[in-house]
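Okay, so chain A shows up in both of these, paired with chain B first and chain C after.
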Partner chain A sequence: MKLWIVLILIIGGVQCDGFSDQVFKTLNIGEGNACYRTFNKTHEFGCQATKDNENGLIVRIDKHEDFKNLDSCWRSFYPSYSRKFWALVPVDLIRRDSISKLKSSECLAGIVLYNSNQTMHPDEKTTAASHDGDCPNAASDYYFQNNTEAYCERKFNSRGSITPDGLMRIDWRVQMIFINNSTDLDVIKRCHSMFNTPREDGSTGYPYCGMSFRMTNMAAGNSEICYRRGKNDAKLFQMNIDSGDAPQLCGAMHSDNIFAFPTPIPTTPFNDTHHSSKYMMVTSRMDSFGMIPEVSVGEVSVLTSIISVLAAARSMGDNIEKWKKASNVSNRNVFFSFFNGESLDYIGSGTAAYQMGKSMFPQSLREDRAHIHPVLLEELEYVLEVQQVGVAEGRKYYVHIDGDRYDQDRTPTDKIMDKIERGLRSHGFDLEKPSGSQRKVPPSSWHSFAKADSKVQAVLIAPFKEEYDYKRINSILDKNQWTSDEKEKAVQEIEAVATSILAASAEYVGLETDDVVAKVDKKLVSTLFECLITSNFWFDCDFMQKLDGGRYHKLFDSYGFNEKSTYISMETHTAFPTVLHWLTIFALGSDKETLNVKSEKSCSHLGQFQAMYTYTWQPSPYTGNFSCLKSAIVKKVMVSPAVDPSTPEEEMNTRYSTWMESVYIIENVNLYLMEDSSFEYTMLIISVISALLSMYAVSRCSEATFIVDEGEPAAEGGEPL
Partner chain B sequence: MGIVLTVSCYIASFSPSIALFYSFIAHDPVRIILFFLGSFFWLVSLLISSLAWLGLSTVLPNTFLVSLGVCIVVQELSRVAYFMLLKKAQKGLNKITRHGQISVAPGVSDLHNARHMLALVCGLGMGVISALFYTMNAFATFAGPGTIGLPMALETGHIDSNRAGKYLPLCYVLSAILLTLFHVAWTIMVWDTCHKIGRFPTAFVPGAAAVVSHLFVAFLSSLNSRGFYILVFSVQFLVLLICIAYCNVIMGGTIQSFVTAIGQSFVDAFTLKQIRNFVEERKMRTQQRQAVPDEPMTERGGASDEPGTSNTVDA
Partner chain C sequence: MDISKLTDVKKVDLCKKYFLIGACFLPLVWIVNSFWFFSDAFCKPVNNHRRQIRKYVIGSIIGSIFWIIVLCSWEIFFQHYRSQGLVWTDFLTFVFPTGRV
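Our next item is the complex of A and B:
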């Protein structure tokens, strides 16, 4: 018996892969490295594998002139090949004049994108490389939805956009992958150079190097169809009998948003709804996207602005007693919001506005205990946002406000703008205040709140006036090689903007702006710039490694967990929200009251049943020593009400974002040798000949050919052996 | 490549097997069982060879030649084992297959003097399964977009100049045909030795010839990777012809009759004799039907004077 078990185990242990290891060179493609389907209420975008776009011969497009081969389908190079191609294209060649060729080509199976070695400076003005449209978030614009403006009337991104609607809003016929791993890229290039590069006489011949890739989406149509099909009652026959769940087809884009309250919000009984405080929300978005959504570092789209807000928060945290005192006296509070999904029709801010309207922000009310007073829309007076910090032309910044609201009560807003101007001037920057044409707010989180409340004011600090100067907003190329001068200037800008945030906030809460209150830690700004922008990954620098303290784990084999990505994604598959959460706790957390707490367990016990405060066992990024930090910071997943099953009354309401993502199955890239397919027909003829010959040869034999009487009695008796 | 290629490869590879199966096995349930039993014995030999390879690879650095030798010996031993099993079972089989009142399975062919037919049936079973194992991964690959060779080429920096390239499917097809027919021949030869085991030393000649030719053919196959495809297949085909001729001798024929039969086959093929016979037969039947319109359907055609009733192979 034991012998049998051993035998079975040995046999079971043998693995057979057939010939695949001799045929294919397989390159692992993780989640997020490929283009997949996304949806809004009316359309589907992105890529889908079909029979036609799975396999192709690898070709290279290294310079702009190579696109002319796309028109001729590389006939002059590969005259005997008539099927599709996978084009190896550096991302910086995705331009206005090339994108139409890529979109319309009949002979492309797919595009392999990679970062070229050429340096890209933010000063480079020649190339439009934004993967967003002319009018970011045009459909969710307050002025458009309020019928005071036509769709996409103000084209803020027209200088930078590659296509008017943006590359993420294209329903591609081809597939697309992004190769970031230099080893994998070298393998593809080597395969191409060995087999597909024309010889010295210009000729090519079989075998060619081919490539196959398949990314299958589960959903199709638009988010409304997807949402409907995703409901359990629509998938009765697909339901798992054991778990009662139906397989997921798609999901709403959602991720963590971070809200930090430096000054405590008063607690209140459950049904008390009087307006106890006024608020200024200092905000910056934490997401961007690229034509392959996950591949989006978002240096200027996101990170520089976030650093300025973090620097302001850190400064506020250092002088928190003064701020608390001023807030208590004036009954005005400042809080920080890092919204996620803002580049996709304001997912985070739209949801926050909805929750404020329902008295659910920052927490849902609970009847069983005292809770913090919800922040209501009526209480929100200002939304102060910073955008695109670090790429100002010269030393000039602009402040954007909504003219109609400003006109209702100019004085407080004027005072705030004056403080912003003083803050910027203290670092040698000018501020241009709004005039006639500037009295409408560019795309920003304020639009979500403006749609929900008629009084909330906007104050947007940005380095552009009527159009973005930076041409890589929401782009794979929003990742620059900064020179030391550019870096120094960017750090100065961040510092100046952080100072102006502090000055504006101090003005709002009634705090005298002095050197202490508005002092920004320049060293911290430089460190964060190095760590979040210059470094290749979030945790590459010493500061972030100490802040991590061994807490970060790459949970998935996804682009967002292995590379810097600020894309929102469907299921928190990026590390950035965690990074920002820890940085916010570092900026505003305090261990003054928890010095006696010496373990993570004790620290977490302190946080139980707390309405306002959270207690986090986190190391100092300077020393690496853990301590229990008390803060009022909420990390909250926000799902747009339009696609949130828990808010059926808002289903597909276009006031909110309707962006959804398909669930997809991603396969590996396989490289292989292609042989001349004309031999198929030769083999067909050979098979027919073989069959005819076999029939003829066998027909020459009969039973008697093999039944021979050898005179053996036993054989004659029926026992031939 | 594509599905067409894969289907073509399968048709070309297994046409001789299908023709043999249709002509000699398909009509007889007992032979079908013996055919699949042959396949089973070959699979068992493959399993034992694999385990031996696995064991040897833990001990020896390069086990290819040793494993190949072991594999061939195990295959031949499995043929012997199958013979011994059948020998034990033939009394029972005879009861089943014997025509008349005691037959429990009317309609099956009886076993009188049928040891070579049994060898054909069982050898074909072994040949078909070995050819299937040899080709199916390759043919599955041909259905996909690529062919063999890229990983090695990327590793070494150059493509193997001896690779079969686009003719690789043809190489597999020819190998599969040869392998199937070789197994039939080897089984006839080995079983002849087993049958005549008492007649030392002449009885061992067919068995030894089978083992030697098996080793030789396997060795020739290993030369394929060096690019001698045409030479290898030519020699293997020649060896197959010799084996078939030898089997013809075992079955009571002579080399002369074998050569004559092959020559006659070519002549008949070129003169379209079978087509002419077919046309004439139809014409004769039509005439007979017209001459005797009311005659009930009766069995026609004598067996004695039809071609192919001699004890030798015609082709």
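Our next item is the complex of A and C:
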């Protein structure tokens, strides 16, 4: 009988968990909405839950003056409360003058960031709000690694950076979450206003509205430590009952990169690696980041430039026969690369440069079949990159080249720059050619190739000269509130840059630049601007919905998969590579040879055993009708050789990116009512007394106390019932 | 086992056995031996048997102290370097701490 009582008490105790929904108001926080740990070879950055930063009273910092309360730990509002606070802060208040207070505060448990509803004041656009450092990718800069320049000598982002090293490179003592869901935000605000807002007489009192949140990272230290600890031979006694393998503590940041070849690469037998062609790579980066890494739209960091490259690719696709003919004659080809992870020490381009050096780009060689001739480093002549399109002050652009390499053979580069100038001028923009300090290339993908090959030339088209004019590169706030005039000018800039890309490419392959070859579809530029920049999500506009054709599914409860994010991540849980892949296929794919293909299955069969071409069953974004598009587009996951288990000889080589992310466990936000500690002590004493009384009562009972059936003792004595 | 009921001869034999077993890299046995026979070695009138017990107990105490110094030194040394996440310390670690080096 006593056993039954114990059992009932245990079950009762377990069921007490059912009261949690009456004690807590729980808000779901999806993957990517909270600050977590990231690493490079030497440091750890980001946030980690500890017992000190888990719980806190909710306070609001709505305007800059409210930071004074942070200095005094809100003592005038909550004199009887001496523990920590969770502060609600709109992201536009994260500025140079406030960040040091948030970093150094001893009374903050965490920060809840949210987007302010207020329209951005024109002056705020000029406020420094870049979450990147003064010198983006300074450690992997070609000139620094080549010892021709000191670390962070050219501070391109010094006007925009909130801190010199960048907000992503801070090891925070507080936790941080980003709440995008207005309902959840309202719940927190309401809880604050009901319990924590001072009364009319200025007084406050228990109970207060408190919040708890916990985000636990598995890894610590730096990427070298966590990478090593994830290996099976890291420990003398490796025991893992579940799988036998060492549990993953962190992962290399990696994602899809997209390479598109408008003109086919020659197919050659295996081992034949003679230099068959020369190449110009037209490139633009796919990624950006913010203070909470995944929360960054990357409008100007990424999207405007990508639209200009896509528009150029579409124009090339429309006149592909002319381009093919010119490439065949000149033996020079242009191809497009959209690199991912460029804002984190050039993950994509560094890997591509490595693979080119190993004859593995764009595909690894296979002995069992003819393969496309690999693009080798010595075949790559130019890297033409565009950056930060759409925010030029005035109507002026700049071209950046490497002076030393340029001086070796000026003529072809001069011709290309002339064409870029003509392309921009045709749309009313000026180009300033390089001089003096401009003879060194700003942070760009070229640095990866320059480190691997001494001849590859850079041509960078950008609206800045010595420092970025745009002050929101790699930021949660990298989303402009475009006025109609600004939007129109941005579209013009994108069109002008696309034209200059086409003109430079045509010059390179030896194609006469005429109105047809260099004509950019302005309507397409406007449409892509609306869909990728103005719309709230990638598939909100009609154009993208038709391009999607029901193929996109939000599979994961993560920020990157459900919101517009251009972060690279370690799980490839972002929609953007898929979006860009489909847009590239739309730009360069053709159904001329596949008009008779009427089903997805037969389309996929065409792609089997193909070395060069892929066949994709994709709808037209104009009509929504599916067709089988033939293209030479590779969507390829690139893992930096420094953190790729398949390239152990390059392990932690700082020539390549060493960025990794911790595996983490994210818990929900719980809102609850905080009582005075004296209340808690009182309740504790009452519970101890009641427990003692219970024990006293139970100990006085004998077995007979609980016997209800009078026949039971007799039955226990052996008598039949 | 209640050693108070043993004869002195048997106590010597037991103490010697524990001393020899402890010499096989088993410092805990030496520590037990030290405590177990301490009163026989030092708190009772001396005779020939107790002199022998005292010899083994002193040996056990010295050995125990030696081991305590060695183990404490190793622990301080190892923990100091383990918190730096070095290769050799990781190799000797049984469980990596979550979220800490």
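The working rule: the second predicted complex is superposed on the first by the 644 of 721 C-alpha atoms of A that agree within 3 Å, B and C clash if a C-alpha of one lies under 4 Å from a C-alpha of the other, contacts with A are read in each partner's own complex, and residues count from 1 in each chain.
Keep in mind that, in the parts below, a residue touches a chain if its C-beta (ideal position, glycine included) is under 8 Å from a C-beta of that chain, and two chains touch if they have at least 3 such contacts.
None of these values were measured; they are calculated from a predicted model.
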Per-residue touch tally on chain A - higher for chain B or for chain C: B
Partner chain(s) touched by A:Val637 [first = chain B, second = chain C, both, neither]: neither
Partner chain in contact with A:Cys209 - chain B first, chain C second, else both or neither: first
Which superposed partner A:Ala611 touches (first chain B, second chain C, both, neither): neither
First, second, both or neither for A:Leu249, with chain B first and chain C second: second
Which of chain B and chain C A:Ala219 touches, first, second, both or neither: second
Touching partner for A:Arg229 - first (chain B), second (chain C), both, neither: second
Which superposed partner A:Arg700 touches (first chain B, second chain C, both, neither): first
First, second, both or neither for A:Gln48, with chain B first and chain C second: second
Footprint overlap on chain A, comparing chain B with chain C: none
Residue ranges of chain B touching chain A (in the complex, touch as defined): 1-2, 4-5, 7-9, 11-13, 15-16, 18-20, 22-24, 47, 50-51, 54, 83, 86-87, 90-91, 94, 97-98, 109-118, 120, 137-138, 140-141, 144-154, 157-159, 165-170, 173, 177, 191, 194-195, 251-252, 261, 265, 269, 274, 306, 308-315
Of all residues in chain C, those that touch chain A in their complex: 85, 87, 90-94, 96-101
Chain C contact footprint on chain A (complex, rising order): 37, 48-49, 216-222, 225, 228-229, 234-237, 249, 662
Parts of chain A lying in touch with chain B, wherever the complex brings them together: 7, 10-11, 14, 18-25, 55, 187, 190-191, 194-195, 206-207, 209-210, 212, 670-677, 679-681, 683-684, 686-688, 690-691, 693-710, 712, 715-721
